[in-house]
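Following are the structures in question.
Common to both upcoming complexes is chain A, partnered first by chain B, then by chain C.
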Partner chain A sequence: MVIINNRDKLEWQESMTVRDLLTKMGYTYSLITVTVNGELVPKENYEDHAVPDGADVTVFHLAHGG
Partner chain B sequence: MDIEEIFKRNVPGVRDILAKKNVAVAGCGGLGSNAAVALTRAGIGKLIIADFDVVELSNLNRQYFFLADVGKRKTDALAAHLLAINPQLNIQAHFTELTPGTVCELFAEADLLIEAFDRAESKAWLIETWCVHFPHKPVVCASGLSGVGNTGTLTVRRSGNIIMCGDFETDMSMGLISSRVAIAANMQANEAIEILIRGIDKDGHH
Partner chain C sequence: MANIATTTTTSKIEITINDKKVTVARDTMLIKVIQEAKFSVPTLCRNKNLIPTGSCRLCVCEIEVGGTKKLVTSCNYPIREEIKVETDSERVKAHRKVLAEMYLGRWPDVPLVKAIAKRCGVTDGGRFKSELTDANPKSCILCGQCVRACDEFIMERILDFAGRGIKRHLTMPFGQVDHHCVGCTSCAYVCPTHALEIIDDLNHPDNPKMIRDYGMRINAEMATLDKHQCCMREVGTANIVDVMNAYDLLPVMNYQYGSHEDSKKIGTQLLKKNYFTQKMPDGCWKGCSMACAKTVDQFELRTGPYKGQKVTVDGPEYETAGSSANMGCFDADFLVEFNFYCDTYGIDTISMGTCMAFVMECFENGIITTEHTGGKVLKFGATNEVLECLHEMARGEGFGVDVGQGIRWLKNKWIKELGADPNFLQDIGMEVKGLEYSEYMPKESLAQQAGYAMAVKGPQHDEAWLIFMDMVNNQIPTFEDKAQALYYFPLWRTWFGLMGLCKLIWNDVVPADNKTYPPQVAAKVPGHVEDFFKFYEGMTGIPLDEEKMLKQSGRVHNLQRIISRLMGFGTRQHDMPPYRAVGPVTKKEYESRVERYDKQLKEIIGVDPEGKTTEEKMKLIREYRMQMYNKVVDAAYEKRGWTKNGVPKIERLKELGIDLPELVEIIKADQI
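Let's look at the complex of A and B:
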């Protein structure tokens, strides 16, 4: 099981990547910052970065404005 | 005049700790200018600020500038205002458009970064650059501070060394109002002060 944003649960799968998780959760918005167990995952690593079982994942939406 | 009297009503002990701290502020607009003022009033020792814009009339609805600042570099105008609050503040102002390279160079000595950009694409690369190069240093960001009202939707989310303030939804195409932008900026300063005083644990709680 993977927990997303302290709220949503997703069944863990063998060799699940950050990209797999984002696709499964329907995150199509590209302006995001993703952490897995508190560590930032650079965008270029989404395809390769494995999400371990039990991971705590955070997806921050970045909105324009400042 | 004893300048330390500025901090007489501060929470006891806070000035002594903050006086030894160094915070970088990336962007001197609605978020950065207001957060820098809050940090200065709280007693921060050093600020490194950076921006590449000059003050425009349309900034005065939410940014910590005045009519007389219009046309000046934001970094110069803000530095002057901060020093007018506390002349002992150590302020380093960089009039430059930040890049991943210059962030690592100019902000290397900072204990913590305040992300105060306006464009989401810029926020993304700044946060990524910071976390890759300075994984043990916190970055306090803002996302979603546009529109009117909805005070209760402004919140803080944390993961590791990333702290994000805002509603995570509202976009600047809705327009930006002073009060809401300043709340987000002051939430950032508030989070920064707490982390500098109490530290942060690996789960992002503090």
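Let's look at the complex of A and C:
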């Protein structure tokens, strides 16, 4: 199980990457910052960066709105 | 504007630089990797915020690909395969040396040229001395940074090169001062030799350099980051139509739902592809480097007084597209025509869209019929009928006149004259203080519900847009956190209005380092807050910080609240939202998101939904959500220094230095 934003739960899968997590959560917004267990993950590493089981993930969407 | 691919793909490539192995993302420019690997190459024409052109050729390196060696300019060489790089091979050094000699021969006294030449082992450019040699230490060296800054920062083409070969020179069109120049000073700012000078003569700011320094940071971000972030330059605020739909936040059919399968018919991609025909960014005012206003050209109208004419339409922006979804009108031709006529008649697209959405739901529920609408079948999606209402409103005729009075007026009329259920109309009539809601679905964000309904002038998002912070990021989980956000953001956003500044450049593009801040801080976009504080200081000479800013805004915000009180609003009852803004009003609405609501019942409220009817579940959800709403309002009032009834306390006015007798008089009876 992976905990996202200290609230949402997502079933963990073998070799899960940050990109898999974002896809599963439907997070498509452009201004997103991701940390996995406190470590900031650059956008170019989303495909490669592994999300371990039990990871504490934050997916921060920057506030928007006219 | 020129455009190139940058780091858009994520595959990694291993390259070697001077025997040092490094892994880089595909399409990264070679010079960036060289610098990150702690090597360096000379350059005269490069600026990290401008698209590289390789024109000075000093940054050449020798690369080996598949056994073949060649020279490339590293500033504009994107890495797409495994290569070996030598930054200072004999061939490279010989090449640079000749170039340096040529530069020094022509511009012998420009300090930058002298320094570069020295680095390349050249101290005498005599071999290339000619009638072109210019001894001015501030000579233009034809690097082209100013030309690119004009194009890329401000999207103008005021400056360019003319002439070929030795006659090449910098100029404005036809050698005359071009009145299109807005005096943004970008050209002079990037000029490495000070050949272009800035003469400050506008509004006599206290410190024009400070304004320019911080303004250029924003210009650079627009040129380099916007295309990877919100694409405001390309599609304006319409960039979020698809986003809002994806996050179940696009108001659909009078805020019943947050997404619709047909939303792409009014979506970002379709507007960009088929409607925004001016292939250049447009700005509210010349000189804005975000330039998010977009335009549809040659649009042939099919209704109204201008039927058959081809017109230019300013928009559509997100809120107008949101209005269209709210009316269930997923038709881009309708959207553009609706946009045009609202503008032409001086009608707000948000109020019109939200009001029509209410009318349509009333029609679908049989509260009103064709008898009341002048024969118009006003079901959701009735595009022609919406336009007819709009034309009637403008002509002062028929049912359109009623619609023009707004939701509050219609509710009262239909309760009184038609015996409509007042509770149902109150629940679905999306207005507070008599103003229609703007186009975001607030049901799943408690902070946004309060941000809307507590806004002094009615439920627009000018004061607070907290949906992602609350609903998605879970950044403000406690009532105190939400209250803090409902204190800070309305005051910060009010501050833009006080200064006459646009707030879109605050967080519709963000500095690259914003992600290094913890989320609570990042939400404020601290780098941009600093920019705005420096604009203020540069203009007035008075330093500004968060505390002073909050006080400036607090004075106005509280004054507005007192004026609201004077006008018969400004108390708790006027900060109460229609239930549609908080939760599901109808069975159909509940059942459309049953998983979400049942989960809340089970996990948060602690009631097992199993075996309960939808009506029973709706009642429980409603009680819980309204209780939460009232708690967040209590917390926000306290943080703002207001009474439990939402009236500013006199001590708060004292704190702000606005305890004027005439203001105290208005609120003194409410100090309970």
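Basically, the second predicted complex is superposed on the first by the 62 of 66 C-alpha atoms of A that agree within 3 Å, B and C clash if a C-alpha of one lies under 4 Å from a C-alpha of the other, contacts with A are read in each partner's own complex, and residues count from 1 in each chain.
Here is the rule we go by: a contact is a pair of C-beta atoms (placed from the backbone, for glycine too) under 8 Å apart; a residue touches a chain by one contact, two chains touch by 3 or more.
Model, not experiment: these values are computed from the prediction.
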Which of chain B and chain C A:7 touches, first, second, both or neither: second
Broader residue contact with chain A after superposition on the shared chain, chain B or chain C: C
First, second, both or neither for A:47, with chain B first and chain C second: second
Chain B versus chain C as contact partner of A:58, first or second or both or neither: both
Which of chain B and chain C A:26 touches, first, second, both or neither: second
Residues of chain A contacting chain B in one complex and chain C in the other: 5, 31, 33, 40, 43, 58, 60-66
Chain A partner contacts - residues on chain B that touch it in the complex: 27, 29-32, 116-121, 123-124, 127-128, 131-132, 135, 141-146, 157, 159-162, 164, 166-173, 176, 181, 202-204
Contact set on chain C toward chain A in their complex: 7, 10-12, 25, 228-231, 237, 240, 242-243, 246-247, 317-319, 440, 461-462, 465-469, 472-475, 477, 489, 504, 507-508, 510, 514-516, 519, 522-523, 525
In the complex, chain A residues that touch chain C: 5-8, 26-31, 33, 40, 43-48, 58-66
Chain B partner contacts - residues on chain A that touch it in the complex: 5, 31-33, 35, 37-40, 42-43, 56, 58, 60-66
